[in-house]
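One chain, subunit A, appears in both complexes that follow, with subunit B as partner in the first and subunit C in the second.
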Partner chain A sequence: MVTVTIATSIDDACAALDSDPGALVMAGGTDLMVEVNRGTRLVGNVVAVDRVPELRGWSLEGDRSDVLRLGAGTTCADLAEPSLAKLVPALAQAARTVGSPQIRNAATLGGNLATASPAGDTLPVLAALDAEVELRSSAGTRRLPLDEFVVGVKVNALVPGELITAIRVPVLNGPQEFLKVGTRNAMVIAVTSLALVVDRPGRTVRVALGSVAPVPVRAIEAEVLAAERCDFDGMSVPPDEVVERFAILTADAARPIDDHRGSAAYRRHAVSVLARRAIRRAFSGVPSVAA
Partner chain B sequence: MTTSEDFSLVVNGSHRSVVDALPGESLLFVLRERLGLIGSKNACEEGECGSCTVRLDGETVCSCLVLAAAAADREVVTIEGLTSEEAVLSDVQQAFLDAGAVQCGFCTPGLLMAVDALLDADDEPDELTVREAISGNLCRCTGYGRILDAVDRAASARRSQVTP
Partner chain C sequence: MTTLEAVSRTAAGPRIGESAPRPDGVPKVTGSFAFSSDLHNDRMLWGGTLRSPHAAARIRGIDVGPALALAGVHAVLTHEDVPGSPTYGLIHRDQPVLASDVVRYEGEPVVVVAADHPDMVRRALAVIEVDWEPTEPLVDPELAADATPIHPDGNVIRRVHLRHGDQTVADRQDLVSVEGTYEVGMQDQAFLGPESGLAVPDGDGGVDLYVATQWLHEDRDQVAACLGLPDDKVRLTLAGVGGAFGAREDLSLHVHLCLLALRTGRPVKMSYGREESFHGHVHRHPARMHYRHLATTEGDLVRVEARLLLDGGAYASSSSAVISNATCFAVGPYRVPSVEVEGVVVRTDNPPCGAMRGFGAVQTCFAHEAQMDRLAVALGMDPVDLRLRNALEPGDRLPTGQVITGTLPVAEVLRACAGHPSAAVGPDDPMARPGGAGRTADIDDVVRGEAVAVGFKNLMFSEGFDDSSSARCVLHRGVATITCACAEVGQGFVTLVHQIVGEVLGVDEVVLAPVATTSIGSAGSTSASRQTWMSGGAVQMACESVRRELLARVAAANDVSVHDLVLVDGRIFSLPGGGSGDDYLSIDLSLDEVTAEPVEADVVHRHAPTLPLDADGQGDAHVSFSVSAHRAIVDVDPDLGLVKVVELTTAQDVGRVLHPLQVLGQLEGGAAQGLGLAVMEEVQVTDGRIRNASFTDYLIPTALDMPPVEIAALIEQPEPGAPFGAKGIGEPPAISSTAAVAGALRDATGLDLPRVPVRPDDICLASGSALDEAD
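For the complex of A and B:
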């Protein structure tokens, strides 16, 4: 007999997974149910975690309250709320491009991580922010940096019996951008996406790309250039040659493939367009951007 | 924590038992095929079209992407529950009729649910807000012009109900 366990606490969910490590963890269901409906995923026992209040909230941590801990059950709609959007604007922008309002009401940040699709909209933002993923099982808690959690196309580092409980990201002082290219403006899976975050006190720019490699990739050489050449005090628009070089280096970091959504050449071109746009928007001559 | 094989749903205010459901049945499937509530439509089964939109604890979701058993005892409102009496049209339904926003009608139940939820949150939405609110509901007949007109009419009706 197949059972659906509706967990109401993290301990509940971990206990259920401990007794049945092969059970399917389901939050919003917006990825998993597509496979179930298609018949490509057979449903065994399910642990439903969408009614665990501890997974839904967010809080500020650290001595200076500059680390945001987001419960894994935070929905895309929650992420786009102004109170959260002002803390991590790029994550809010990414969340707002996911699916439709109906999808955003159900889809969760933890689910986007668990699916680990190259096109997962929140993943480039989390990569740019050097996010940390908190995992819990009856054996305890561990934390992994994003690049050790998302390890391949739809492959993550979860071990049986483990649950994603939270994601930690820094609250940075500086502008952030998330840009996405799709075949239209709504209800679309990314052909290419780019997240750019600026840390003004740290005088760094971090750039990550989605849908152009098996996992989110950072454009390290572009970041080095931006750190050297951008004006973190006045936030003035960088000279054209810096913008161009930044775009080329960012595109060089992409490892795209030809697939049904776009060609590798198109994706590489799109990355350079998005890189130009993002750096110009972030450094737009307005020095007092609130974090 | 509850563990269920058979389960019960709260649909439009009534408790409905679901017995012998197969593993993985969606809320949409259970509503249509087991409970006889065929107002919610089944098209894409992947969250693209919005024709299966229902309210789950007040929020619009695609019922095709909700595992029915996981929705046990949550508040489900379907198009059949949009008005308390079947013979009476809601403000949104009346507006869709008045604006001629219905052609083949397949997308209409989902759109009505989405627009009803929008107007609950904001009864004076600007056009961009309306377009975003219905971006998850595909209509292949109308080109949306008359639907946008219907939302305007429904919003006016909603405001005049609220403000005496």
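For the complex of A and C:
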């Protein structure tokens, strides 16, 4: 007999998981049900968390209200709403590329994160933003930086009985870009993707890549170059040689493989093109100040 | 006012030429239509199939004991349980119902199971032990002909060597020549409703099978042979079909279901999942094609040489007919005095290939149109002018020697399509650029290209096949009941029947009898763009026969001549001055009154006979032809190799429009399928293994990939011999669309792009591309 617990609060969900740590957490079900139908995931007991209001909303935290706390149950459709989109434009852009409208209405940020697929579209953005993951179980709450949460291909740091409750990201002052390459113009798994965020007051550019390594990767050397050479005051487009160097260093961070979705050579090449375009767009002279 | 004017067009019912509502339209859109996967019987068991994980292997032994021992498992059957013919097939019966000593492709069925619940089926399949000895699969079609045969019937399924005209012109030195090698990947029909069926034993040794198929009677013959039963013991009824496109012409789960039902004495249902479906039906043949075109400097084609190699995969299916088509139509709808084509289809350990919309003409159209564009460049000519100059016309000869006696408006479709004003706008909307929702391209990253392509193929079966369709019309109390075994697979035959009955008899109350092998003879296959002509024609004949009999009946009863009677919109009238000499309209009877005693007609409709091809590929092998042209406008992001098809414009030879909306549907759907083949659709096979057996990775166009289809013209030149002059329209849209999109991509990028689907790498990592970079 399979039991399905429909949780209506985080405590509910934690209690249900506490008594049955092997139970499957189900949010939108857009990853889980695919696995169940394919037979790669056995149906066990289920704790459904899609009706937990606390998981759904978002709020601004911190002294200067510059930290955005996103409930794990925030859907991709929610993320693309203008009010959220202006706080974290790249996350909205990434959410907009997920699946189809039907999928985006169900798919959650927590689910995308927990699935920890190299092609999860929100992951590079969260990596570029140095996001922090809030986890809860009946034992208490803990927080992990993103790179300690996503640890391998479809491997995360959740322990049995634990729930993702929220994701925290900084609200940055500066342009953001998310670009995703797929062989179809919508509803496609990323062949490669890139997120770039600019922190003007902090005078940094952070760039992260999806689908080119087991986990989202940051292009640290490219970031160092950008911090040194970009014009954070005037926001003018960097000189061509800087853009080229930035593109090469970004592509160097990629560790792509050949698979049926694309060749490693193509992925590496695409990363360099995306890097070039993203930095040019971000520094196009039109400062887009967030919030 | 004449009598006819006085009485005509009072009826509301659908007539030929109108967009009559589809009887199955609303149920399909609202979800109440029962597809084959919705079949249910309270006592039913679930069936499942154990398939080969290897592309090639010997089977040393099969132990079904552990599966049989499981509670809830009712039958576990192997090849030993097949009582009749161990093999089946559409043209050659070379495919095992269940593999015995060897498997020849990944996914080949080996064992079937029936159990109480799908989960039990899964568990049973998991514990069956097959002692495999994997062997080296033969996966390169180039090597197949000379390799050790992987099947007792050999590795060459068919070779057609067509020679036409003066072969010595091959050596002429005064001609312009262009040469190229082209490749087409393996496309899937990608229907939405996976294979499903329900078999119900009758308790008397026979079985009823409800299944989604394209051709009930052919299935029945093959199933009965494998079961070792006489035909009348195996009865097939059409279940709701969720798309076909050729993939349901071959048997899939049919025999398996019947074996399980007969063994268990219980109804058994099977429903493939998506991944299983990719292994469970045939695909479009991948092709390698080498062409040489020779033309005068003025642009007259003198000779075309082609070598075609199709990969048939492990079993023959309809390969021998596909290669014949590919060969016959290899040069396209052009007048070519000298032709040599060698078409070969071989057997490999790749997934079996067979029928798919366009049937061999899709592959060659991609190649001959690329050649025509190349030739235009070599001649410094406009590519459309070059095509027009060489366009086939009625009265011309095909490379098979056959003279075109019907209509074939090649120049007309080309002119209409090429001359149609474009409504395409620039790539201002970021979503509408290559890369779409992925936000990859800025406006300056995009280049545009345009090309026109034309293609044609035969309608109906060829090469002497005795092709027919049966229909019955019973008119009783004003209600017409039509019986025909034509499989409705989405093409709209169910709508057309109403229109034909309305047109011929003026009857609006039409009942379509269940489509089953027991009710009537074969309607032939819903394929080859043939059902409107063949089964539509049969229904028309049956209705006309009823009409004649009705008039004769009324004439006799009223002592007038049939020539003085007319049937208009469901009433029979006498004409002025006729028979009785009374006032006109002295006879005015409703069909209701006249058919208190039913009037019935049973007919078999045949098209004009065709002949086999001779040793040189010559002969009047085809009935009729249809041509279409497409113009594609594409945007390309050359740095990323991403593509957006901005506009597709088409003109098609339709004979006559019977239902405008259904014509539009076929033209849009076919173009989408052709676009898919051009830029994304491919079953990727490595070492005989399918790598993308899912709709996650087998990509078909979305609304952001498929542009609006502009209809430049529907050329209505009635085809002699065709019912209402209408030609089949289902396949041509899938033929020239691929070639047009590929041509436009070449125009945009300046690359050769000799293979479809064109992958991003082919564009941005092409060797010699100016866009190469050091990274």
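Keep in mind that, in the parts below, the second predicted complex is superposed on the first by the 286 of 291 C-alpha atoms of A that agree within 3 Å, B and C clash if a C-alpha of one lies under 4 Å from a C-alpha of the other, contacts with A are read in each partner's own complex, and residues count from 1 in each chain.
Methods note: contacts are C-beta pairs under 8 Å (C-beta built on N, C-alpha and C of every residue); 3 or more make two chains touch, one makes a residue touch a chain.
Remember, predicted model here, so these are calculated numbers, not experimental data.
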Touching partner for A:R277 - first (subunit B), second (subunit C), both, neither:
second
A:S19 contacts which: subunit B (first), subunit C (second), both, neither?
neither
If we overlay the two complexes on their shared chain A, which of subunit B and subunit C does A:A251 touch? Say first, second, both or neither.
second
Once chain A of both complexes is superposed, is A:A186 in touch with subunit B (first), subunit C (second), both, or neither?
both
Could you say whether A:T30 touches subunit B, subunit C, both of them, or neither, answering first, second, both or neither?
first
Of the two partner chains, subunit B (first) and subunit C (second), which one does A:S59 touch, if any: first, second, both, or neither?
neither
Is A:V2 touching anything from subunit B or subunit C once the two structures are fitted on A? First, second, both or neither.
first
Does subunit B (first) or subunit C (second) touch A:D50, or do both, or does neither?
first
Subunit B versus subunit C as contact partner of A:G262, first or second or both or neither
second
Both subunit B and subunit C touch subunit A; at which residues?
34, 37-38, 100, 186-187
Show me the residue ranges of subunit A that touch subunit C in the complex, using the header's touch definition.
34, 37-39, 93, 96-97, 100, 177-191, 193, 247-248, 251, 260-263, 265-266, 268-270, 272-274, 277, 280-281
Using the touch rule from the top, collect the residues of subunit C that touch subunit A in their complex.
122, 273, 275, 434-440, 442, 445, 639-642, 644, 680, 684, 691-692, 696-697, 699, 701-705, 759-761, 764-765, 773, 775
Provide the residue numbers of subunit B that touch subunit A in the complex, in ascending order.
1-5, 7, 23-24, 26, 45-48, 50, 53, 56, 59-62, 64-67, 69-70, 72, 114, 132-133, 135-137
Please output the residues of subunit A touching subunit B within their complex, sorted ascending.
1-9, 12, 16, 26, 28-30, 33-34, 36-38, 41-44, 46, 48, 50, 77, 99-103, 105-106, 186-187
